[in-house]
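Heads up, the thing below is written out as structure tokens.
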Amino acid sequence: MTTAKKRFLFSFGLIVIAYLFIMVFPFFWIFITSFKSSGEIFGSGAFNVIPDNPTFANYVTVLFEKGIIKAIFNSLIVASTTTVYVIIVATFCAYAISRFTFKGKSILLGLILAVSMFPQMVITGPVYNLFYELGWLNSYMIVLPYSTITLPMAVWILVTHFNQIPLALEESATIDGASRVQTLTRIVFPLAAPGVFTTAIITFIAAWNEFLLTITMNSESSYHTVPVAISFLRTQFSILWGEVAAATAVVTIPTLIIVLVFQKQIVSGLTSGGVKE
Amino acid sequence: MKQKPGFTGWLYIVPTIALIAVFSLWPVVQSMTYTLFDYKLNDPQKSGLYLNERFNTNLFNETALYVSLFLEEDLANIDEPNDQKAVEDAITNIDELAAVYEDKTDVIKISSEERDRIEGLHEQTADLVANLNNTYALTHGENLPLLVDDFKNSIIPSNFTGLSAYKDALGDARIQTALWNTIIFTTVSVGIEFVLGLGLALILNKAIFGQGFVRTTSLIPWAIPTAVAAMMWSYLYDGSSGIVAHFFENIGFVAQSQDLLLSGTGAMVSTILADVWKTTPYMALLLLAGLQNIPKTLYEAASIDGAGKIKSFFRVTLPLLKTSILVALLFRTLDAFRVFDLIYVLTGGGPGGATETMSIYAYKLMFGQTNFGYGSVVVMLMFGCVAIIAIIFVRLLGTNLLDRN
Amino acid sequence: MTIKNWKKGFWLLSIIFVLVLAACSGDNGNGDNNANAGNDDGDGKETERVTIKFGAQNDNTPATEQLIAAFNDSQDDYTVEWDPLTNDSAQMHDQLLNSLTSGSSEYDVLSLDVVWAGEFAGAGFLEPIDVLMKDAEYSKDQFNAGSMASGNYKGKQYTLPFFPDLGLLYYRSDIVSEEDAAMLDSGDYTYEDLFNMAETYTGEADTKYGFLYQSKQYEGLTVNVNEFTSAFANIDTGLEMMHQFTAADFSPDDLLNYTEGETHTNFEQGNAVFARNWPYQFGRINGQEDGVTITTDQVGIAPLPNGGSVGGWLLGINKNSEHIDGAWAFIEFAAGEAGQKIMATEGGYLPGFNTLLDDADVKDANIMLSYDGFKNALSNTIARPVSPDYNKVSDEIMINAHKYLSSGEGLEDAVSGIESILPE
């Protein structure tokens, strides 16, 4: 290795580390805050990196009194359900758009895109009315309106990925007697794996982050998801920062695990999908 | 070998269409309808969509009950026999008419005779109350005229306004400011996110040491729910105890740490920074997926042709990444244009409206002031702007999107 | 693909929209007002007791829970159920609005911020209670006057107090001289006097700040403008005074970003001589909560110069409730002597039922009630404007005030802006 190249690698590494530090620092600081007592969160102790009197009290309260575990459980249920059904629905739709010729195809794409141009607040009222009439308030049916924030993006991203997969492979499969659905599940889907898993992560996180629909439809605390449960960590006049910090730290762990699992799939998708143009 | 879909083929898209129609299209169409009406919840005469005149029996019945109750209570304060009789007659009148609508609830149509009778009742009672108020000190003297007015208010005129609300909106200075703020926020934040996100995607795409670690940690900001991230940042930006505000003051980025959220520019910069922090990983992820679809052989071919790293980036990577870039930019722009949580929590649109975006203003109109008519107009204007942006992007995407190769 | 085709998506949207519009000209515009389309979950269980749903915010004290338990034990007809809503009042407002607009009977009894009552009553969401009050032999003067006035719209009473609140001046009795303390307690002083005192005392006993109050652009700013301007009687002098405080050496640099949270943190850590806050701050100091470094012996309470704004929460009945009798039975209990006593003794809330202010148990549980300065403050309250458009009014007030306070320029614009939006 030449010295120039070494120097380049070294500075490149430095940039990456600096970037990661900046990106992670706010979270790191919240992590530190979670061990502080509320007297140290504001005032002279606010800038201490190591708390004077480290405490686990915030974690104890959040885990055992404020029901954050139940909220994580609820979030996992709604986010994974949403991911699974949205990916299935979107895959079929995107495949049809990518592989079939039919009139109104661009109208369909335009319509899907157009509905994601409206702020969510106009969705909540009518969906509330619908859920009220159907008796679906305070239930896991909330995953259905989640489609409004996840489905358009999922379809569009999948269409672009399906478009990059060569037709020739499918043609030979069809000649071998495979049905449409078989071609889709055995050939197109695996080839598009990086795209599909990226879409899955995006859908999962979007559902995990959703706040407005959940707090409106599921006012009962037994159906609260993570963002809603964290928003309850306050009194009438102020936010309980210590508890918010502890809860943020706790709820980030499961998402990181999910991301880790999915991103392995992206990598493996890359290696196994060696058949590229 | 593209085919026509056939019957089973159509089944592929039905679920998507059904979900979109029920949970997105229908609500949106309802909002569009609101824009044509002066639809305000806090005014009983405007709290529905009324193309024609209607009669609010609930309000009428309640008013009849209250007016006769209050008049009865005030009988004790009236000593002239004539006036006493007039009051008693009025009560009988009211009770008689109220009996007609006793069993009705909700808003109904009425004939013009009925309407005349109700208006007549309003006039008579209003005159009587005015006379009594001139002569006597009534217990309910102040409230009765207000109550009697509700007889008239139970007749609901049409609140159909057609397109006039759009005309008002075009001249609304607050909308102009909000639009400008939204455009600045969107362009700057999406611009920065794109540059950083592309850089991050290129790094993640390289097989470097500790790749899994780098990938996972770089995704942390995005995995924190927006509503929570916004709360986090409001603590980090806090003028006296916020570490980020403190740091900015120390490096001279702002003169005083509290300026960060208290000056117009400072507040805008703060919200953009928080947004960049939160969504750069997402941008990177979208671009990374695109990068992985680029065949390695193309780079090999480029390097055989003698192209350096930078040259092959512009010759190979960028052109092949075009679709992914445009789709990522498209969705990020749509998201940024609708930004809400972050600004709502960090600044509430302040200071003095300097960070009020279109969705913050629409939210304040609709939920704060229950003015769903005008609030929906703001939403539609927003939609118009976003649609123009989307059309530009799709034009750029051109054939890449639908037809392969 | 051609762009023209793509645009058809938008055209399709417009066509559906026209169709819906045509459907709207049918009978009943909105079509959502089905009074009977109820949610029968509660009734299906074949129990004799009717379930009453209580839509109230989360309570960090055990008071609300005990209030409900006491009511459920007190009679055999109704069971009140409560699933706490958020403590974020703006979010709760939106949630209730969504529910009430749809004509839902999801909640029978509602807890309302004092400033929502006019809006909700104007919208026809609430059942008036005058007749019910008469039958229960309640008269208006038995309850906290400010709360009752907030729940009265166009002559009809819609609510009874859940718990009242009012703005108070907190001062450090260990710093302020006895003479000045007596003057503060009497309420016979002005904001100028307060300014001078803040200047004199700041720095003693390690204090950094003079007078703290809420000045961020949010509802709290409207409350403080209300107090500084004597309920908008003297807008220009009031705003000028506020700016004088904002710019003073003894004020924190980020006073314009202060909410109640910053105020109580700094006051209870001993950083400030004076602070304007609600009664809850006293509860924090009395309970020596985490981070509190001063004790109640060091704290005095006084009326604000022009009187304190009325805050707090009210109880009202959802007009679409299928159990209005049960809803009223609960309100009658909760706002009455027994219910308010539970709220006051278990949660430290200010009782909305007047005779309880002299009740020995209540006074024991809440020593603040025995302070002379607090008693004077109670008799000297001012209301925020009552209007069905309250949110809009408040929004304009805070934007105009914050703009002026942060720049120190444009007083006249701010005054005329505020004047133009106030209801007569």
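Which chain is which? They are A, B and C, in the order written, and residues in each are numbered from 1.
To be clear about the criterion, a contact is a pair of C-beta atoms (placed from the backbone, for glycine too) under 8 Å apart; a residue touches a chain by one contact, two chains touch by 3 or more.
Bear in mind that the values here come from a model prediction, so they are computed numbers and not experimental data.
> Across all chain pairs, which one has the most C-beta contacts?
A-B
> Just to be sure I understand: the centre of a chain is the mean of its C-alpha atoms, right? Then which chain's centre is nearest the mean of all of them?
The most central chain here turns out to be B.
> What is the distance, in whole Å, between the centres of chain A and chain C, each centre taken as the mean of its C-alpha atoms?
Roughly 37 Å separates the two chain centres.
> Taking each chain's centre as the mean position of its Cα atoms, how many Å separate chain B from chain C?
25
> On chain A, where are the residues touching two or more other chains?
Within chain A, residues 41-43, 105-106, 108-114, 125, 231, 239 contact more than one other chain.
> Send over the residues of chain C in touch with two or more other chains.
In chain C, 1, 6-7, 10, 13, 94, 101, 262 touch at least two other chains.
> At least two other chains touched by the same residue of chain B: list those residues.
Within chain B, residues 25, 28, 30, 238, 240, 367, 387, 394, 401-402 contact more than one other chain.
> Would you mind writing out the residues of chain A in touch with chain C in their complex?
Answer in residue numbers: 37-43, 104-114, 124-125, 128-129, 132-133, 135, 137, 215-216, 219-221, 231-232, 234-239.
> For a test of understanding, state which residues of chain A touch chain B in their complex under the given definition.
16, 19-20, 23-24, 26-27, 29-30, 33, 41-43, 46-47, 89-90, 92-93, 95-102, 105-106, 108-123, 125-127, 130, 144-145, 147-148, 151-153, 155-157, 159-161, 163-164, 167, 170-171, 174, 180, 194-195, 198, 201-202, 205, 208-209, 211, 226-227, 230-231, 239, 241, 244, 248, 251-252, 255-256, 259-260, 263-264, 266, 269-270, 276-277
> In the complex, go through chain C and note every residue touching chain A.
1-2, 5-10, 12-13, 32, 37, 39, 41, 57-58, 60, 83-89, 91, 94-95, 98-99, 101-102, 104, 106, 259-262, 264-266, 269, 271, 278, 280, 289-293
> In their shared complex, at which residues does chain B touch chain A?
1-5, 8-9, 11-13, 15-17, 19-20, 22-28, 30-31, 199-200, 203, 208, 212, 214-228, 231-233, 235-236, 238, 240-244, 246, 277, 280-282, 285-286, 288-290, 292-293, 295, 297, 323-324, 327, 330-331, 334, 337-338, 340-341, 359, 362-363, 366-367, 376, 379, 382-383, 386-387, 390, 394, 400-402, 404
> Residue numbers of chain C touching chain B in their complex, please.
Per the touch definition, chain C meets chain B at residues 1, 3, 6-7, 10, 13, 16-17, 20-21, 24-25, 27-30, 33, 35, 90, 93-94, 97, 101, 119-120, 122-124, 128, 130-131, 154-156, 216-218, 252-254, 256-257, 262, 319, 388-389, 391-392, 395, 399, 402-403, 406.
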